[in-house]
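In structure tokens below, several structures.
Shared between the two complexes below is chain A, which has chain B as its partner in the first and chain C in the second.
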Partner chain A sequence: MVAKLSEFRLKGLVFLAIVVFALPLFISNPFHYSLATQIALIAGAVVGLNLLVGFAGQISLGHAGFFGLGAYFSAIMTSHYGWSAIPALIVGAFGVGIIAWVVGRPILRLKGHYLSMATLAVGFIIAIILNNEREMTGGPDGMPVPAFDVFGWELSPFGQYSLFGMDISGDLAWYLFAGVVLLVAVWLAQNLIDSPIGRALRSVHGSEVAASVVGVNTTKYKSLVFVISAVYASVMGALYAHFQGFITPAVAGFEFSILLITMVVLGGMGSTIGVIIGAVVLELLPQVLADFQEFEMVLFGLILMLTMIFMPKGLLPTVANFLAKRRSKSAGGDA
Partner chain B sequence: MNGTLAHYTKKFLAITAAGLLAMSAQAADPIRIGSFLSVTGPASFLGDPELKTLEMYVEKINEEGGVLGRQLELIHYDDAGNASKARNFASRLIRSDRVDIIVGGSTTGATMAAVPMIEQAQIPFISLAGATVITTPVKKWVFKTPQSDRMAAERILDDMKSRGLTKIGLISGTGGFGSSGREQTLAVAKEMGTIEVVADETYGGSDTDMTAQLTNIRGTDGVQTILNFGFGQGPAIVTRNYAQLGIDLPFYQSHGVASDGFLELAGDSAEGLRLPASPLLVPDSLPDSDLQKPIVEAYKSEYEARWNAKVSTFGAYAYDGLMLAVQAIEKAGTTDKEAVRDALENIQGHVGVTGTYNMSADDHNGLTADSFRILEVQNGSWKLVN
Partner chain C sequence: MFSEFLQYLFTGITIGATYALIALGFTLIYNANHVINFAQGEFLMIGGMATVSLTAMGVPMLLAIVLAVVLAGLMGIALQRLAIAPAKDANVVTLIIITIGASIFIRGLAQLVWGKKYHVMPNFSGDEPIEVFGAVLNSQSLWVLGVGAVLVAVLVYFFTRTMTGKAILATSMNKDAARLVGIRTQMVLMLAFMVSALLGSIAGIVVAPITFTSYDIGIILGLKGFVAAAIGGLGSGVGAVVGGLALGVVEAMAAGYLSSDYKDAVAFSMILLVLFFMPRGLFGAKVVERV
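Moving on to the complex of A and B:
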């Protein structure tokens, strides 16, 4: 079943929608909602990063930079200049897209390690700027972010709302909102993957030389997907900032970049549902392991190592493969 | 995802079991003290002694019969110096573990990230981080134990003034501590009026040579003294460069480097420099009339005996935080959050390791600049000057 789900975009989306909307039936603790909201927002950024890494085969080690830019742009515009959250989010995403395009054109000519190094540098530069512009960003100590507002209506994790006649807490409202945002993000990504652009990207991943020989403008498509994934990160970063209510330059930091790329690799490069599972696992593990205190880091490292050794293709593709093999075996036995 | 489901099922069972047990022993229901600290990561030098202090004193208080006849239970998480983790753990402490009071938040970023949630949940919170913004403006549920960097700046500039030094060359790190200290120094100098910052240089956290900045300061007209606001190894390098360049102006450091580790790093170059610090560094030189002396001595010897490690100023913030919490709960006679908060706000003359706390409705820190002692390095060790 899992194999089929990852094959068909609509089924994958339906599966995800069921999980997202069924989850509130199983959890009621506001802390779990707030964790689930964060996971959904970060998963959205990872879905975008997967377009670049999983489909076009380009490594970005500076993606948190774009996430942080989106977060800080929205935070600064809403708190210092009185903008509403939606225009701040859109203008921020647009600006980040332009920045990604400008830096992406030259660095995407690089390959392999050189490309990784260049994206790493971009991430570092963004983090340094956020750290040093104290007047605007509050420097290393961070800055508070106002609640997310839509046409004068505020969405705060601490509020109380009513939806279709039901009273829901602010945590649940944020969770549902983040869940819908994630579904839209996945739907857009799946459509992109199944379009001519998506096929061009996969040909770049397969062999850049072969792709250019058959007439694919590789530079154009690589820049395009770099911009798209940066915009994904920016939008999710802005929402994340409003949800958290307080951000520090760590959201643009190197460690967070590595975390994002690890989510992609762990979940399964090129599988949209897979990378979401990667995000869920990597966000939940520290919470689950927090009960073990001093062994937390050791266990965390061990789980990552074992997964990569025994499931080098990532969680979902490996499990899907395994199930598919078993089915074909049992089908063979029946015949 | 199955793993997490199983985890929550297990957790649910554990909680149910715990609930049943609790019902059978209602009287022994512990007072739950929550904490999130930066025990690992770049700020571990803060979080590690803080956690050790909390653990050993919760143990000690429990051996002595607890508070209000109830045992204390410490629930702590490691935020690794990451603000969003700190927020998550604060949320977990409040909503999942349902603690009665929170003592924690090693860094300003971690503290401020948790503050909106704590204010909303209305739970008393004692922060262990330094920056002025934490308690200015006053937030109803937020208190803190360390002096702010503003007080350090006041104390240093006061000492300079009393020595007739009015033209300062300032050099600061670009990290959170250094840049906030620089801002406060500039603000305090402006307010005092008589003191002027004539040179203002900065260095990055990983710089290994500051002779260029120091040469600039030395070349500035009329400069009479140099002040370095910074954290970590930067100030040690500044101190060494200072000696290498043979600058003979009076030299000041901030409380950020008030530790024996700094003396080891800076070596002979530190000779003669002054800084504001906790009396914890010089317990023996305190006069017997000093109210803090017995508390400082007891904390130092107990900590060093238990952990076989040097006591640090940062651990003392946790000591003061825990003792303030205990005193507030005792005075309130209950763990009712509103009552504990009111009791905290009314604490007067509480003598701690860091200083004497006098809380009020518009001061949730309760310390004055005088709680800093001015120390001077003489013959490789700290000497109390003032």
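Moving on to the complex of A and C:
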């Protein structure tokens, strides 16, 4: 059973890798690369959030706060203090992890809607601080972010690079980098899920009381996964800031928090590939709906509502279920 | 000094009364269905916007208010029938996302009909402010407080003296048992959404002359109502009123004495602080989890 499960997970990772590396064969427009890069980075954060929501069964309506903290820490350190991007990213992730741990301990005692409320409040407080500390963050107008640099070498969407003798544009280079980051994020998440920690988390999801009765330290595991998911958000936020070259407090805002959790739920809680599909769908949908101009909002709300009403388990699990049912039906017919 | 304090207190109680009404709306639906309705703020928006646009079309104020409230009530029923009832097996997060989808949908409709501009509604009884010990009281504040008090009294009467109100309470306590004694629980759920929408729209109408109104005003008002309901303890009517007033006053004091930029941060810190020490809010029921 476990072997089968991990084989299935490996298939997911291989599938994702094929999609990531095959995509450049089908797109060449810089706008599409930019969109794909953005989706990959946000999907990385969603994979982290899914550990908390899909596996441990805890709700966070403030996760953009951690994404925004990572983004702004990297932006501020590289532009105001001349740090290099990598140390800024690592120190930022570490700091966000500590903040998440300090805040998470008391918050995660809360249940259900009270937990939603508390995480929402944490996200709001972070966004309000970023909005108001104008000298550091540029306030609501946002701030420019220097290009991502590694040992003096810069990765910019506008640059030209050569890789294994091939000339590649900055857009493509960033896309490949983001794609690899997403693959690593998924690989780490899957390892965590298959580890004893992952099993403990799923027991917390099943029934917290039962888990603690059989000796699972539920508080410890819930805090741990909260920290891990916050670190995921922070790292992806930092990369996102360098990629975009300009950020505003909206990256930490309530609406972005809602978008992140919607990606998890819409794609299919607890399914790593599912939540990535959720991220892809919810990032592409506004692009498609933009043609409908003033009807964009109505349609977006309607699609969101209908999908959740008719596929309460999310896109991927529903489709997978449907296919499995059909297969067993036709197998039954043959026999 | 004192007049300054009084001024902040008036502002706080006025906005707090609005929060209390929104929180009561949350409480009603939470009790009936254990759903947090993130579209609650949209009922306020519908109330305010519909009244403004109907009066602009020449409909007398009172009739416009009645029509706006009826419209919101119908939306409440539609929300329960079309979005919440079909998803009966969905878990908590999925239901939250459904109500968020509904709120985006309603906001989108409002934007189509009324545009993105801010709309101004005149005070109900003139712009002459009232002076109390050196502080200025907007006459509309008295309307907000008066209407709020009347609504609370009506709700108390409804839940303690009428059969329908008791049916809602019974359903919130135990749905299956309620059904066994002959209560039509689906009807009750619909009723809860309707009453909640009525409350929200009335709050939206009385507060509109103070805050102005626009298609997106429901987001932040709805969230503040949720904060107020959580401070008071989800499901508690007294808690919703106390939570709303406390939130309004703390916010106004923070804006006055500390910094208006950080007044919302103070509100959200307040909810964190309350939940740290009282994980079920001030008046939340203590429940034993069944395994």
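Just so it is clear, the second predicted complex is superposed on the first by the 328 of 335 C-alpha atoms of A that agree within 3 Å, B and C clash if a C-alpha of one lies under 4 Å from a C-alpha of the other, contacts with A are read in each partner's own complex, and residues count from 1 in each chain.
Please note the rule applied: a residue touches a chain if its C-beta (ideal position, glycine included) is under 8 Å from a C-beta of that chain, and two chains touch if they have at least 3 such contacts.
No experiment lies behind these values; they were computed from the predicted model shown.
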For this session: Could you tell me if A:144 is touching chain B, chain C, both of them or neither one (first, second, both, neither)?
Result: first
Exercise. Who touches more of chain A, chain B or chain C?
Worked result: C
Exercise. After lining up the shared chain so the two structures overlap, which partner does A:297 touch, if you call chain B first and chain C second: first, second, both or neither?
Worked result: both
For this session: Identify the partner contact of A:87: answer first if only chain B is touched, second if only chain C is, both if each is, neither if none is.
Result: neither
For this session: Classify the contacts of A:112 with the two partner chains as first (chain B alone), second (chain C alone), both, or neither.
Result: second
Exercise. Touch check for A:132: first (chain B), second (chain C), both, or neither?
Worked result: both
Exercise. Between chain B (first) and chain C (second), which, if any, makes contact with A:206: first, second, both or neither?
Worked result: neither
Problem set entry | chain B and chain C footprints on chain A, overlapping residues | 131-132, 296-297
Seminar exercise, completed: In their shared complex, chain C is touched by residues of chain A numbered 53, 59, 61, 106-107, 109-114, 116-118, 120-122, 124-125, 128-129, 131-132, 207, 209-210, 254, 258, 261-262, 265-266, 269, 294-305, 308-310, 312
Seminar exercise, completed: So, in the complex, the side of chain A touching chain B is made of residues 26-27, 29-31, 34-35, 38, 131-132, 134, 139-142, 144, 158, 244-248, 250-251, 277, 280, 284, 286-288, 290, 293, 296-297
Seminar exercise, completed: Per the touch rule above, chain C residues touching chain A in the complex are 30, 36, 83, 86-87, 89-94, 96-98, 100-109, 111-112, 219, 223, 226-227, 230, 234, 261-262, 264-265, 268-269, 271-272, 275-276, 279-281, 289, 291
Exercise. Within the complex, which stretch of chain B touches chain A?
Worked result: 1, 3-5, 7-8, 40, 77-78, 82-85, 87-89, 91-92, 94-96, 107-109, 112-113, 115-117, 120, 131, 133, 174-176, 179-180, 183
